[in-house]
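Just below sit the structures, each encoded as structure tokens.
Both complexes shown next keep chain A, but they swap its partner, so chain B is in the first and chain C is in the second.
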Partner chain A sequence: MVKAFVAKSLDDCLNILNQENVKIVAGGTDMLIQNRTHSGIAIGFKTDVLYVSLVDELKHITEDKSNIYIGATCSLEQILENNLVPKILRDSILEMASPAIRHTATLAGNIGNASPAGDSLVCLYLLDAKLEIKSINSTRYQLLKDFILGVRKIDLAKNEMITKIIIPKINFDLVYFRKVGPRLSDAISKLSFAGALRMENNLVKDIRFAFGAVNIFVVRRREIEEKLIGIDKKTIKDMSDEIIGYYSEFIKPIDDQRSNKLYRKEVCSNLIKEFLEKI
Partner chain B sequence: MAKIKFTLNNEVVEIDKDLNMRLLDVLRNDFNLTGPKEGCGEGECGACAVLLNHEIVNSCCTPLANVMDKEIITIEGFSITERYRIIKEAFAKTGGVQCGFCTPGMIIATESLLNKNPHPNDFEIKIGLSGNLCRCTGYNLIIEAVKEAAKAGEGLW
Partner chain C sequence: MRDISTSINKVDNDEKTSGKAIYVADIKLDNMLYAFTVRSKIAKGKIIKIDYPELPLGYYIVDYKDIPGKNIVKVIFDDMPIFTEGDITYLYEPIALLIGPDKAVLSKLFAEVKIEYKEEEPVFAWKDSVIHYHFDKGLGKSALEEGKIIEYVYQTGYQEQAYIEPQGFIGYLETDKTTLIGSIQCPYYVKNAVIQALGAKDDEVRVIQAAVGGAFGGKEEFPSLMACQLAVALKKIKQPIQLVYEREEDMLVTTKRHPSRINFKASIKDNKINGLSVHVGIDGGATIGLSGVVLSRALIACTGAYAIDNLDVSGDVYKTNTVPNGAFRGFGAPQMFFAIEMFVEHIAMELGLDPLEFSKSILAKQGDYTSTMGVFRDPVLMPEMIEKALEVSDYNNKKTMFKKQQNLKGVGMSLFFHGCGFTGSGEKNIIKAKVRLKKQFDKVEILIAAVDMGQGVKTTFRKLVAHILEIDIDKVIFNNPDTDFVPDSGPTVASRTMMIVGGLVARATKEVKDRWNEGSFVVEKQYEQPDYIKYDESNFKGDAYPAYSWGVNVVEVEVDRFTYQVKVNKTWAFYDIGKAIDERIVIGQADGGLAQGLAYGYLEVMNHDKGKIMQKNMTDYIIPTAMDMCSMETYLYENPYAYGPYGAKGVGELSLIGGAPAVAKAIENAIGKKVFKIPVTPEYIMELMKNGKD
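Then we have the complex of A and B:
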């Protein structure tokens, strides 16, 4: 029988992770569905599991001068309701699942699941989110984009866990998020797009684009964004065709039951246009 | 197997159980609470909804381990309250119930919503009910029911 360990504190988590071969379960909204078997019997986990959702010390959202810190066991609904959290991230969470799922699901779980359709990831990439990762004898910090290694692949050692999600504070003049799916709630993205802009003296100071579900990673290309710095407002608004061109080699959607390639590419272009029109 | 204690419908209960069970199965099979139902079994339909610390969750994607020391209320436990009476009457009055399979979940969703937001607008009601599927009513009547409950129960939430 698969064993269940239940942690009540961060120390419990780190000790158990160090001694046992366990897979972490937070809200369990991915883990239970992925390991679903039959009604009336235990969930079909492949290995022993460590339940972390009762760890209250990771249920806080705090800030300092430069960052917002979201504890790993905060529920999505708790994040959605907290005004410290950047609006664009809350916008993306509002479109995830339903209240019932959001009351238990976590942001750390969405990251740990590392699905290219993970809806929070697009905004987290856009915001240059970092993770605090702890093991019994170390604490390290890693950019989310380096933590995600591929579809369902993450850079996490057996004895480590995500303890915080760290979001740098930046005042953008414009943020924009769109998830394209069959309905608002309880729908997996066909694709999603996030954009952000900061102007200074009418010139682009910082511009960012991120695309979800169009490649095995969230697509965010700094070299393209950097090309656009210093351009004036009027010019950038008219550059949509050029910008779409820059991204075309990175937007490599797949055909699947949710949508096809052509549709996804076309919608990406439209969303870039829509974002630029808002400037 | 491990002993786990939690509050179920206002009573502290303790059970010796595999903590990797789904809360839904434990409620139905060990506590004989059949109000929460298995519709989809994957978090999409809300037929299995219960209140966890007074917020709606799907018991089909909640492991038993996660309710340790928490408070669970099922439709059976909720049905003794005045709030329930108001919501039930609102559903009956507006025609928000037909076959009734989704109804326990819809009522739990309504309570979870009104508890946080006693005067929801249409959009907020739709978001509040967005995890609950109904094959019969076409939703409009249920949205009306929530509005009616909020009005009739003014001051209760």
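Then we have the complex of A and C:
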């Protein structure tokens, strides 16, 4: 028999995590699907679970001079409606799932799930998002890209939980997100793309590209981006073939029931072009 | 008095929108057991040995050895066993039911069933023909010996019905009677199949329709399989049992639309089609079932909406070790109309003619012969409908403009018909529909076997009777069919319900009206084929259908030049359905059908890998959401058919048929490349834009 704990406060959460061997359920929109059984019988959780969705302390979105802080149990819809949240992240959330799911699902859950097709991850990688991770006796901060270790693998100890998602404040001149799904809403991505650009004196100051669902991790290559810093606007717009070439070895999609690798690879290239056209 | 077409609220709006309607899964009976289906894990071979876990008290295994009657599901071509006796012909073929009171225990036991097989090489290629048809018209093949020859091949994929409610039954025994309540289209198909399975007498089986959450053809023949299995179990266990599929099980094992490959060859003389040769191959899956009838409908539709004098028509149903395919709204016509509409367009392009002008020049008219030498007896309104389509959609202007523009916009038009009712002599020789009206005091009860699966039968039939009798609709009773009370008015399929069954009900109602002052009495009517309809089934000669509904669809799309995704911007639809018994219900059917047809053309991908369906849930099988659909403009045309009530013809299937060719042509117009298969996915569009034919 599986035990279910319902936490009312963050202290509750951390205490239970410290004493019990539990899986954390926030919105549950993926956990319930992953553990589905027949209708009419209990969800087939394989371990004890800790429900955290009632924890109020984790439901706030705040800011300071340099960062936005999104509490771990904020629903996607709550994030979508909050103007503090960078537009590109809200753009990506708007394309996630259906309104019903968005009212329940959380950003922390999408991160903890660590699916290569997780839609929010692309923008979070692009924005250099960090996580606040707490246990009963520690608080640590980790870059999202270091937190995700593989497909459904994350760097989280048994007694830890994600408490906040931290997004650095950066003013971009251009942000662009494109989810390529099999239909126009409520679908799992075939691939997704996010791009951002900041210019200074007509030269590239910061340029970023991130690709989702085309490798086991979100593809973001700092070393490629750094090569492009200092290039002027006109030149960068004409560099699509070169940039596509740089990313080619990192974009390694697969064939599956949703699409094929040829399509995924070519559309990634096309979206680099589209982004550069917008500069 | 108001025109009967004037819309009223559907009579089941409240129970369905409030959640009060009772579906199979809502029914709980005392001492009810649940059934799980034990299935094969291989696509072809033989069972060597089955090891069932030790069953706790009150748990049962039911398999072929428990069948008192024939181990065959009575459909049209009877080749599907109720449970396999050891031969495996497709993945997930049913072997047994595992039955007991607790689903959690059943799940555990289910996982412990061990089956040893001797595997054989499964066949997935289309080479084992189990049904072959051929017919000629006019000069047949010899017309292909002269003139310019144009040849193309077209392919269509699977389509899943994706009904809202998965398949399900609940059953119980009442002394000698086996009673089944199901989510079904055809109460008497189920009843007759169960009688054969049990070796029972006619009055020992009772079938009742529960609220049906959509069907689209998927609940025509498949439910008979489940019902036979459940009936066998009831006889053995003698306790109520529920057999309801989960969505994934439903998508993996139930019948789908037949994938097809259609080869066309035309000879052209003086810019006209002199002769047409066509071969249609369809994948029947592991059993034949309805595949032969599906193939017939496809073959008969081979000229599309056009009149072509010389035909050489052939087709094959291929048996493969895949899930059996079966009935789906349109029944062979959607495959054929996609292919012929593309072919006529491609012929025109190759001849350097305007495709629409070419189509119009060969369009069938009243009095023309059909592909089987029947006659289009009623007026054909297509020229008028096309004119209107051109006017409201600005089609010609857009088509030229979009070709020149940088952005990938396109517009496409499809012309089509649907033969109403059963193909050939089915109504006369097989179905022999009967209807009954019971007048009691000031009320009239409609007793027919037609099922309301969302298409509005409960509303339109009550409305029909009330309208003829000039009484309030509340005085007309229509309960879900129960075979203990209703006569066999035939299955709820083939766009026949209002035209055929409604026609009979209207005749019976007129008699009730004449005898209104007699008090309480019963009126029965049986189908009589109009004298002029003669059909020779084995030679495909004569009138295959008593009447035809016609349609024109125009679709405007935009293809994304970076992602090749298709956005449907707008549709315009024109349907001649004789007469609408309720305009809003017809438009609901029409717009829903077009959405399903469009999606068949560009969105709904389903394929199998070594016999396993790859898109096994609604996450991976993509049907359109409201976001994918667009504004739809729909026009209905009146063109009464003498034997339909108020002139009504078939509605249900027509509107699905034109969507795929119209959207495929619109995509062609947008990208400037020829389309040869559906669904036209972004992956296919990418391929066409690189290597496609102009």
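As a working rule, the second predicted complex is superposed on the first by the 279 of 279 C-alpha atoms of A that agree within 3 Å, B and C clash if a C-alpha of one lies under 4 Å from a C-alpha of the other, contacts with A are read in each partner's own complex, and residues count from 1 in each chain.
The rule is short, and it goes like this: contacts are C-beta pairs under 8 Å (C-beta built on N, C-alpha and C of every residue); 3 or more make two chains touch, one makes a residue touch a chain.
As the structure is a computational prediction, the values presented were derived from the model and not from experiment.
Undergrad: Of the two partner chains, chain B (first) and chain C (second), which one does A:V180 touch, if any: first, second, both, or neither?
TA: A:V180: touches chain C, not chain B.
Undergrad: Just to be sure I read the superposition right, which of the two partners does A:G40 touch: chain B = first, chain C = second, or both, or neither?
TA: After superposition on chain A, A:G40 lies in contact with both partners, chain B and chain C.
Undergrad: Classify the contacts of A:L143 with the two partner chains as first (chain B alone), second (chain C alone), both, or neither.
TA: Neither partner.
Undergrad: Is A:E77 touching anything from chain B or chain C once the two structures are fitted on A? First, second, both or neither.
TA: first
Undergrad: One more residue to check, A:E274. First (chain B), second (chain C), both or neither?
TA: Second partner only.
Undergrad: Which holds for A:E266: it touches chain B only (first), chain C only (second), both, or neither?
TA: In the superposition, A:E266 contacts chain C only.
Undergrad: Taking the stated contact definition, name every residue in chain A that is touched by chain B in one complex and by chain C in the other, in rising order.
TA: 39-42, 184-186
Undergrad: Would you pull the chain A residues touching chain B in the complex into a rising list?
TA: So the residues of chain A touching chain B come out as 1-2, 4, 6, 25, 27-29, 32-33, 36, 39-43, 45, 49, 51, 53-54, 77, 94, 97-101, 103-104, 184-186.
Undergrad: Hey, which residues of chain C end up touching chain A in the complex?
TA: 25, 34, 103-104, 107, 244, 246, 561-565, 567, 603, 605, 614-615, 619-620, 622, 624-625, 627-628, 682-683, 686
Undergrad: Which residues, counting only chain A, touch chain C once they are in their complex?
TA: Answer in residue numbers: 37-42, 178, 180, 182-188, 257-260, 262-263, 266-267, 270-271, 273-274.
Undergrad: Can you list the chain B residues touching chain A in their complex?
TA: Residues 2, 18-22, 24-25, 29, 38, 41-44, 46, 49, 52, 55-58, 60-63, 65-66, 68-69, 109, 112-113, 126-128, 130-132 of chain B touch chain A in their complex.
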